[in-house]
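Below you will find the structure I want to go over with you.
Order of writing sets the chain letters: A, B, C and D. Residues in each chain are counted from 1.
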Amino acid sequence: MSSLFSQLAVLGSSLTLIFALMLLWHRSVDAYTTAFAWQSVVLAGIVAVVAYFERDPELYFVAAMLLLLKGWLIPRLLRRMEGPFGAEQELQPYVNTATSLLISGLLVLFAYAVCRPLVALSHLPTRAGMPLALGLIFVSLFVIASRKKALTQVIGFLMLENGIALLAVLGTYGIPLVVEIGVFLDLLLGFMVMQLFVYRIHETFESLDVEQLGRLKH
Amino acid sequence: MTLMGTLVTGAIVCYLAGALAALLGNDRWGRILGAWGAASGAAISLSLGMVALASGSVFSAVFDFPSLTGFALRIDGLSAPFLILTGLVGAASSVYGAGYSAAYTGVYSLRKLGALFNLLLLTLTLQVMADNALTFLLLWEAMSLVAYLLVLTEHREPATVRAANWYLAITHVGFAALLAMFFLLSAGDLSTAFDTLRANAPVPTQRNAIFILALLGFSAKAGLIPLHVWLPMAHPVAPSHVSALLSGVVIKMGVYGFCRIVLDLMSGGPAWWGGLALALGVASALFGVLYALMEHDLKRLLAYHSVENIGIIFIGIGAGLMFQSYGLMSLAALGFVAALYHTINHACFKGLLFLGAGSVLHATHTRNMEEMGGLIKKMPRTALMFLIGAASISALPPLNGFASEWLIFQTLLGGSHIPEPAVALMIPIAVALLALSGGLAMACFVKAFGITFLAIARSPAAEKAHEAPLSMQAGMGILGLACIGLGLTPFFVVPVLGRALAGLDRLAWETTVFSLTLPLNTPATFGSMSSPLLAAGLLILLGLIPLALWVIGANRRTRVGDTWGCGRIAQTPRMQYTATAFAEPLRRVFAELYRPTKDLSIDFHPESKYFVQSIEYQSEIHPWFEKLLYQPLIGIFHRIADRVRWIQAGWLGLYLTYMLVGLIALLVLAWWTP
Amino acid sequence: MRLFSKILSVGIVTEPLDNGGEEVELARQVAAKTQKLLGRAVGIREVDAGSCNGCEIEITGLTSPIYDLERFGLCFVASPRHADMLLVTGPVTRNMEVPLRKTYEATPDPKLVVAVGDCAKTCGVFQGSYAVVGSVDAVIPVDVFVHGCPPEPSDILRGILAALDRLPPK
Amino acid sequence: MSAWFVEIFQVVFVVALAPGLVGLIRWIKARLQSRLGAPPGQPYRELGKLFHKEAVVSKNASWIFRFAPYAVSASTLAIAFLVPVLVVPRRLDMVGDLFVVVYLLLLGTFWLALAGLDPGSAFGGMGSSREVTVAALAEPTTATAIFSLALGAGSTNLGAIVAAALNDPWTVLTPGHLLAFAALFIVAIAETGRLPVDNPSTHLELTMIHEAMILEYSGRYLALLEWAAWLKLFVFLSLLANLFFPWGIATTLTPGALSWAIVTLLVKLALLAVVIAVMETRVAKLRLFRVPELLTASFVLALLAITSSFLLR
């Protein structure tokens, strides 16, 4: 019973991580959006699994919120944002694809090493997924650091948020519902602000390449 | 006198007689007698090693003549494998050298070559017997100097001189490290017997210093990254039978020394020792093969592969040290056995490949692969031998390279038993990089064999190539047979090598008895492999397939036609894939590691830029980390040299004054210290 | 997903082949042994000996779902070494004479040659040009001619099958 | 005695069915392209035809060119002997483990690449160069995936790995297992020259990998090479099927268990054939220089597989 629980939790965490890795492999923002949407769906699934095994009805609500907001609404907004900018492609990232993949693999290894004492202390059946969640956070940060297009960075940020949520769910079975709702609102607001920024960047530079921001100095 | 004593004396006599004959004889007889001396000496070295392994007895002798005071020799289990590989490669390359060096007649001194060749074999044979620091260091220096002079054989080529100088510089950096190491180890008394040193363990901080110095000194000789730079320079310019000895045996002395000091005298250490050796080994394996891939000078390519294989050997040793520090003794034994096995194997196939490359050089007078091609039709036996060597070094079953690499893989798989997870997680990365270097080595040898021997000749020289003389074929044949034999008998070789290690008295092995059954079961019960059965199976299948074709009545007619080229009129060698083109995909894939320089210049027509007159494209690969590491060092030396130039005045009186001052200072020092 | 629903809704569109008009002409009798050997697996190498590419466009149609030559066990191959049949189009130009011969030589025996289009037989409008050597059978032996300028894909298919004696009954 | 008979039977079974599997994949692909397509038995007819045609050999080629088809098919057949297809435990397990299988594959690649260079054709050289590149870059993934499998089973012996998976059927669902499967699947695609790494039905020399090397071969040589390539695909797929989803494989030599093993194997292979056909319909061939990226991705998957197996051990 609890072994199935932990298997499912680890499986889900691995899947979320793989969706993050897809960001490094693909080049079109459309594929990024799809990856993010699926990642959020899996995340919602993990939350639902935790809710089922821990008999915590509040978490069902969180799962539904996740599904609605991140699995459907934000991807929809993202796709709509793509419209005015045309098909943006991440053609020349700072770090090339193969190296990025290797670096993220090493980041996950690092996450395992860092999490070692944490996992050893914990007794939760979900503990084995925690290194993967931390790895997801690292990989998302790496995406933000190594990619040039503003939209990629936005998605990287959203995945980072997913990673934090995953860590919270796996490590503490979720934070109180009020806080969770607050985070969701924050997220939505943050997304709006970023959307605004992306529009402004595009207006100013006719491109979403954040390298252009360097020109603001002059 | 015991059997081993007789053999030792016999070997020394043979080598000295060979050297003398080479010095005194004329070009023809000196060459042949010198080769005989070397070959018979090497055969005795080989049997010495075998006797030592078979009987398990220890030979030891201390010389007390006034001129040889403190000179001590001893043969034990660890010396034996190295004696065997010295004898094997030595015998093959001396037979080969008899024919090969004929080409030097009247161009370079054959006497010097023959005498030095004998001396090199002598120092190598004695090196592994050295039983105190003084003997070890003296022989070490003698071996380095003789090897230096041998590299200098073609001394009128500027590249040779440059390469020899690099070799001399790095080998002396290593020597300095070894000197310091032995001073620390023997607390100042260099003539202390190794047995005493084994008994007196130094304090831990000193041990660490000793380890670092030993690693530095021995890796300079072995050609481990980053001290490998001399290897691809010096090995290609030496005469080919000397290259075989340099790559096959001389660099193995680094491995021997490292094992002797770290395994035997200090009997292992903390885990980071093994980790460091492992990391350096992995780096050497990968970078060695990567640079080999980009190389189109056949002998340089082989030299870079020596860097790779030394890396693989150090992976085995490093993993063994790590396991030892965690108390996983049978895994540690497996690692050391695998490393020793690979050491012998590498000596055989690399010797063979260098001899093969020598035959090609002998026939075409070029080392540039882009000017070869089609040689398999002109020199079929050399091609077959080179093919055996290429398949062995690419670790293809059922040849010897595969047997030892398989063992190293199995050792590394045991890494999951290491209780420290952070360390254990490093092992899979080593496995992956080792596998990568294995795959790349295969790619590299498809290139080396395919471009050199297959298709159409790319230059008139290659068209006029001829088969090597019989003595050279015999030399290659010995090593070719050794490659096959060592590949088919791991079930025999592994226990024997295990016994060699069991001779090290302070290493407490749990399992040194390896099963003697036909399949090779590794002690940690990880996997099993049986190369004789595998070879038999492959041979049977090779016979069955034509039989099956005959049974189903397949059409056996063969018509010879042109190569298909989309109906073009004629084929020229320029239409073939070149070595550069062959390696191009990998160059692109690893562009971040190679960092090639690009230089593109286009000459436009003065009237319009749409008419191009000529396009020149140049792309070179310089090992950037060498630049990073060595450039500043060289700069510092230059600056120091500039500073102290005022000491030199070219006036004899001044130099005598320096000496006087130095003497007085020494005397004062001696007077002050009680 | 959209792709697969489309595939499902389209279904199989391959049209059955009937025994059509008089476009196919047997130039010589193919040995029964060859026909038996090549019967149901033929590799085809297309050689454009100098055509206007009209025939090529029709030949391209053979691989389409409508005509689908693979159902007869035919396929185009990348090298004459793998081929059993040469599909030659156009009048043979001077530049293509040697390559055509070389292709024929490079093809292992037994082999068939199907010449496609009027030009292959008569040189068409290029007849008498200084650049043209002649019809295909002036250079290599031809087994079947397929008439038409250009011939329909189904005629080409019938021509190929006629060489193999596998024409569908009338 | 009967154990040896089963060993032989297994190889005959594999060799006999290998062309059928390729025919099946081609047939499914044809159906997905709205075509009738050749019947699944077509590859057998092709082989029959090729065996009875003469062989044309380039005048520049040496014995390497003529020997390579035999070497390649012998090494592939040897793999067919080593891989557990129908039964575990096996008599031949001691002859070679998973590493031996991998290096036998490399042996085949080595000979094929040499044969590609031998006639001196530019196409052959191109094919060899690309083939060895892909083979070399697939090595780290393979080794790492083997490592993770060996961790679970405590052995690199194929029989032991399958037996371990049989004993504990739920390990199949562990992420380590699934990730290793994904990694090895990518390697299998790269090694057997399927889309998106190599297009098995291409006729454009510049995009070829495997096909470019055998462009010079004809007659019986070509038949042997084609058969060996199909055999490689069959063995790879049954290896994947049995290592990761060993359900149904016989553990005793009773006729009932054996026939059940055959049925389950055929079902598993048919499923994999459908997966491959659907995937080949869906994806386009990758640019040659994106292939290393794909292989890097597979390596990262294998690395993650190891880390999670370490953790769950």
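Following the convention adopted for this analysis, a contact is a pair of C-beta atoms (placed from the backbone, for glycine too) under 8 Å apart; a residue touches a chain by one contact, two chains touch by 3 or more.
Computed from a predicted structure; not experimentally measured.
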| item | value |
| --- | --- |
| Labels of chains that are neighbours to chain A and to chain B | D |
| Of A-D and B-C, whichever chain pair has more C-beta contact pairs | A-D |
| Central chain (by mean CA position) | D |
| Centre-of-Cα separation between chain D and chain B, whole angstrom | 36 |
| For chain B paired with chain C, centre-to-centre distance based on mean C-alpha positions, whole Å | 59 |
| Distance from the mean Cα position of chain C to that of chain A, given in whole angstrom | 56 |
| Per-residue multi-chain contacts in chain D, two or more chains | 52-56, 215-216, 219, 292, 299, 303, 307, 310 |
| Residues within chain B bordering two or more other chains | 421, 425, 557, 559, 561-562, 564, 589 |
| Overlap residues in chain A, where contacts from two or more other chains coincide | 98, 109, 112 |
| Contact pairs between chains, per stated definition | A-B, A-D, B-C, B-D, C-D |
| In the complex, chain D residues that touch chain A | 170, 173-175, 178-179, 290, 292-293, 296-297, 299-301, 303-304, 307-308, 310-312 |
| Of chain B, residues touching chain D in the complex | 373-374, 376-377, 391, 394-397, 402, 406, 409-410, 413, 416, 421, 424-425, 428-429, 431-436, 438-440, 442-443, 445-447, 449-451, 453-456, 518-519, 521, 525-530, 533-534, 537-538, 541-542, 545-546, 549, 552-565, 571, 573, 575-577, 581-586, 588-589 |
| Chain B-facing residues of chain C, complex | 79-81, 96, 98-100, 102-103, 105-106, 108-109 |
| Touching residues on chain A, where the partner in the complex is chain D | 3, 7, 10-11, 13-14, 17-18, 21, 25, 97-98, 101-102, 104-105, 108-109, 112, 119, 128, 131-132 |
| Residue numbers on chain B that touch chain A, as the complex places them | 421-422, 425, 589, 592 |
